[in-house]
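Here is the structure we will look at, set down as structure tokens.
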Amino acid sequence: MAKTNPGRFFEDYSVGETIRHAVPRTVSGGERALYHALYPARHALYSSDEFARECGLPAAPLDDMAAFHVVFGKTVPDVSLNALANLGYAEGRWLRPVYPGDTISSTSDVIGLKQNSNGKSGVVWVRTKGHNQRGETVLDYVRWVMVRKREPGSDAPEVVIPELASVLKADQLVVPEGLDFTNYDFGLAGEPHRWGDYAVGETIDHVDGVTIEEAEHMLATRLWQNTAKVHFDSGARPDGRRLIYGGHVISMARALSFNGLANAQMVVGLNGGAHANPCYAGDTVRAWSEVLDRAETSAPGVGALRLRLVATKGGDPFALKGDDGKYLPDVLLDLDYWALVPL
Amino acid sequence: MAKTNPGRFFEDYSVGETIRHAVPRTVSGGERALYHALYPARHALYSSDEFARECGLPAAPLDDMAAFHVVFGKTVPDVSLNALANLGYAEGRWLRPVYPGDTISSTSDVIGLKQNSNGKSGVVWVRTKGHNQRGETVLDYVRWVMVRKREPGSDAPEVVIPELASVLKADQLVVPEGLDFTNYDFGLAGEPHRWGDYAVGETIDHVDGVTIEEAEHMLATRLWQNTAKVHFDSGARPDGRRLIYGGHVISMARALSFNGLANAQMVVGLNGGAHANPCYAGDTVRAWSEVLDRAETSAPGVGALRLRLVATKGGDPFALKGDDGKYLPDVLLDLDYWALVPL
Amino acid sequence: MAKTNPGRFFEDYSVGETIRHAVPRTVSGGERALYHALYPARHALYSSDEFARECGLPAAPLDDMAAFHVVFGKTVPDVSLNALANLGYAEGRWLRPVYPGDTISSTSDVIGLKQNSNGKSGVVWVRTKGHNQRGETVLDYVRWVMVRKREPGSDAPEVVIPELASVLKADQLVVPEGLDFTNYDFGLAGEPHRWGDYAVGETIDHVDGVTIEEAEHMLATRLWQNTAKVHFDSGARPDGRRLIYGGHVISMARALSFNGLANAQMVVGLNGGAHANPCYAGDTVRAWSEVLDRAETSAPGVGALRLRLVATKGGDPFALKGDDGKYLPDVLLDLDYWALVPL
């Protein structure tokens, strides 16, 4: 038993430490095809090398959320194997597209620790970075999780709570080198709506729904080498149900949002996100969005929209929280992100 | 809601119009691998680059039916989102193989319109073309669908019913440039039967069966970016069942037909096809074929067989229609196509 | 019916014959991605081109078990279509890694025959070889199966029982050209345990479990072009259950063994294996290993471990056989293999 990974406990983290995560991963057209099989993904920039080249990129990148999952998956054995809850995300920035042929690895800096008052667990903040084979950072985000203590009675570490921006400012967003939407082909992209057509406060019901199967979420979660037992082993939880990886819901909702946001091509910022309720096989996932903000960028023809993306398994579109301020039981995900949109 | 695609209604089509479909798609070895995982596909020309090169092609193409699905999938948001029925196919020709690395897009010319006598719907005929990144047409077929009217009372358009060949003549078939079956390796292909071994009227029971799962047909249908709600959303139909994309049954039957038609390598013509009854998860798909015609081609060692391919979910092989002339309830598909076979 | 493959019967084999199996297969990044989606595979050498290059290989190979499945799948139509039981494996050696772009074909030499005393069936031994497009042998193994006779009363062939090594000697193992673990990065590989840290007799519970779905085992089995009806057709067996391909259990167990054997990177020898009990969808597969032997190799920094890998669907880890010497009902697989491990 000593040779298997027991995961880290709250006591095993110290602020300032950098964790180098294992199992680098080379992605190819295979990952891209699987992403399109697993999600109804249709953003043209990620579907067509030709469309991407017309927009100034060398080829169609791997979907930004797939890049996120690859980077995230590597952190699971070191960060969330003994996690009681995935509490939040902040300051996520996609710094460079990931292309077929790239090899991705991850590191995490421990940037905050706070033991819970019950003495049995604590909150760990990490800033995770994804790197490609040239040592360039492709993604950078903060995540915080509640982690079990190994010994409930042990001393609490010094409290360090990182200062995190609730929202990335537009000038913090990184537009991929060369991106140019001046000659953007709205016909091939699938919708005519430009950046200027979206108003702050506007809401969009993405209409479509997908009923989730066990085989699909497990294929996805394994593809990102996420090893958390609860996703795969029907014996891991008392109720015998396999909990669906929250990232599967993110990708499903983002793909569904094509219908109304087909031109919100590139995800460049993650301001925050909450997995409001668990998702299980048999749930039918739907999505709606709200335009939270708009910003210009320095790239030709490229604007940015700050969007709330909400995934549900039923209920009225646009319903989010109850009178008690808590998420309604049908809400699965509340994500706040920045996307690049043609002007 | 205004930003999502409501689909087109019968009134939105006019004869002579060309619809440019959205979301071009680059295919890779990933799509090829997924096709082999989703269907028991074993035709050697599509499985082995080396076998394809021995037959004069530069590499193994993407399966012809996969090429069809990619082209077809793009048309769904513009042609069949409000379709009440998929009525037929005609004059389908594969003009050029699709290879990994190719980027495929689709256009459709509206070639016929006829309002139904009930005034609530009408039939739309489109000629759809698939194009690669060099602007070459890779596939060309006619499909007609029954589409709902937006306003039942509105005026009927002029009736235009296109003249369509019930069967493509052999000299209309396009043999891929360079194809040469002179040194065809029957051993590696899996069966010894040549073009001359098949007699018109001969029937073949393909013996094998595959029980269909929800996850599989959804993976396939998403891979082709077909977005029709009925395939994915268990809430889309009153009976709560997800209807399986007819193309999934086509590919399953074609792959099963390897057993007896291993040398019917390339699909080059689609004379017609009917989705006789709906297919659902849990059905076990089987297939049988009938040789309808034989023809020579100008390519070395290459003959053509016209084949009826029938998919069933039970019942006797070779049973097709009842005394009333209607398809038997277990028949799923009746497809009429031309394939290239070594002499 | 005459054109479909009825499979071979016991009478159809003769010692000395070489069977050339059909349908060569080119593999790509697509097969690699699917392997990672189907199994929780995390061995770094097969996940990262960069890691593989640091170990002296040109790129990350296709997983060794995937190579095995591709080679094995081709033999099914000729060897096991009428098999009553898959009896054993011996003398399996991986001779060369398989890389994306390689085209694999298989041949089998019939090396043994023994009719059963009931006169209704017999045992056939074959030595199967996998070849790449350069004619190099990539894999070589012996398998024996019990095959039905076509005519129960027919004459028995001369009995030939091949002499097979119960265990490959270390000097029979082939270390891939260039492999060098001198600068092996244990951090990126995921575990610190070196060859010298494993003691003969040591057992490891791999802890994780995966609940199997019908869609997944069928995707996998089709991907390897294994056509045995019992895996796909719920009507093929009286109980209506689809039997899971034994190789799916092998790959699942091997991938699960990462947790504790992350550095057992390359599988180079297969000493033997038994599919102890059938596996069905809904079973939760777990795994444990026992270190059976250790050996040095001539390659820099490279040692070999002989490992027993046991897959179960429940029961106590490390339990294998009952007092009657038979496998316990929860044991699915008992595999004996050699793996290469950094010193």
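Think of it as A, B and C in the order they're written, each chain with its own count starting at 1.
Assume a residue touches a chain if its C-beta (ideal position, glycine included) is under 8 Å from a C-beta of that chain, and two chains touch if they have at least 3 such contacts.
Here's who's who by UniProt: A, B, C = MaoC family dehydratase.
Worth saying up front: this structure is predicted, and the values here are computed from it rather than measured.
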Rotating subunit B onto its identical copy subunit C by a Cα superposition takes an angle, to the nearest 5 degrees, of 120
Fraction-based call for subunit C against subunit A, same above half, different below: different
Centre-to-centre distance between subunit C and subunit A (centres being mean Cα positions), rounded to whole Å: 36
Counting only residues that touch at least 2 other chains, which ones in subunit A make the list? 28-31, 33-34, 100, 213-216, 219
Per the touch rule above, subunit C residues touching subunit A in the complex are 28-34, 36-42, 44, 47-51, 60, 100, 187-191, 193, 197, 204-211, 213-216, 219, 259-262, 284
Subunit C touches which residues of subunit A in the complex? 1, 3-5, 20, 22-31, 33-34, 77, 100, 103, 105, 133, 213-216, 218-220, 222-223, 225, 227, 229, 232-236, 242
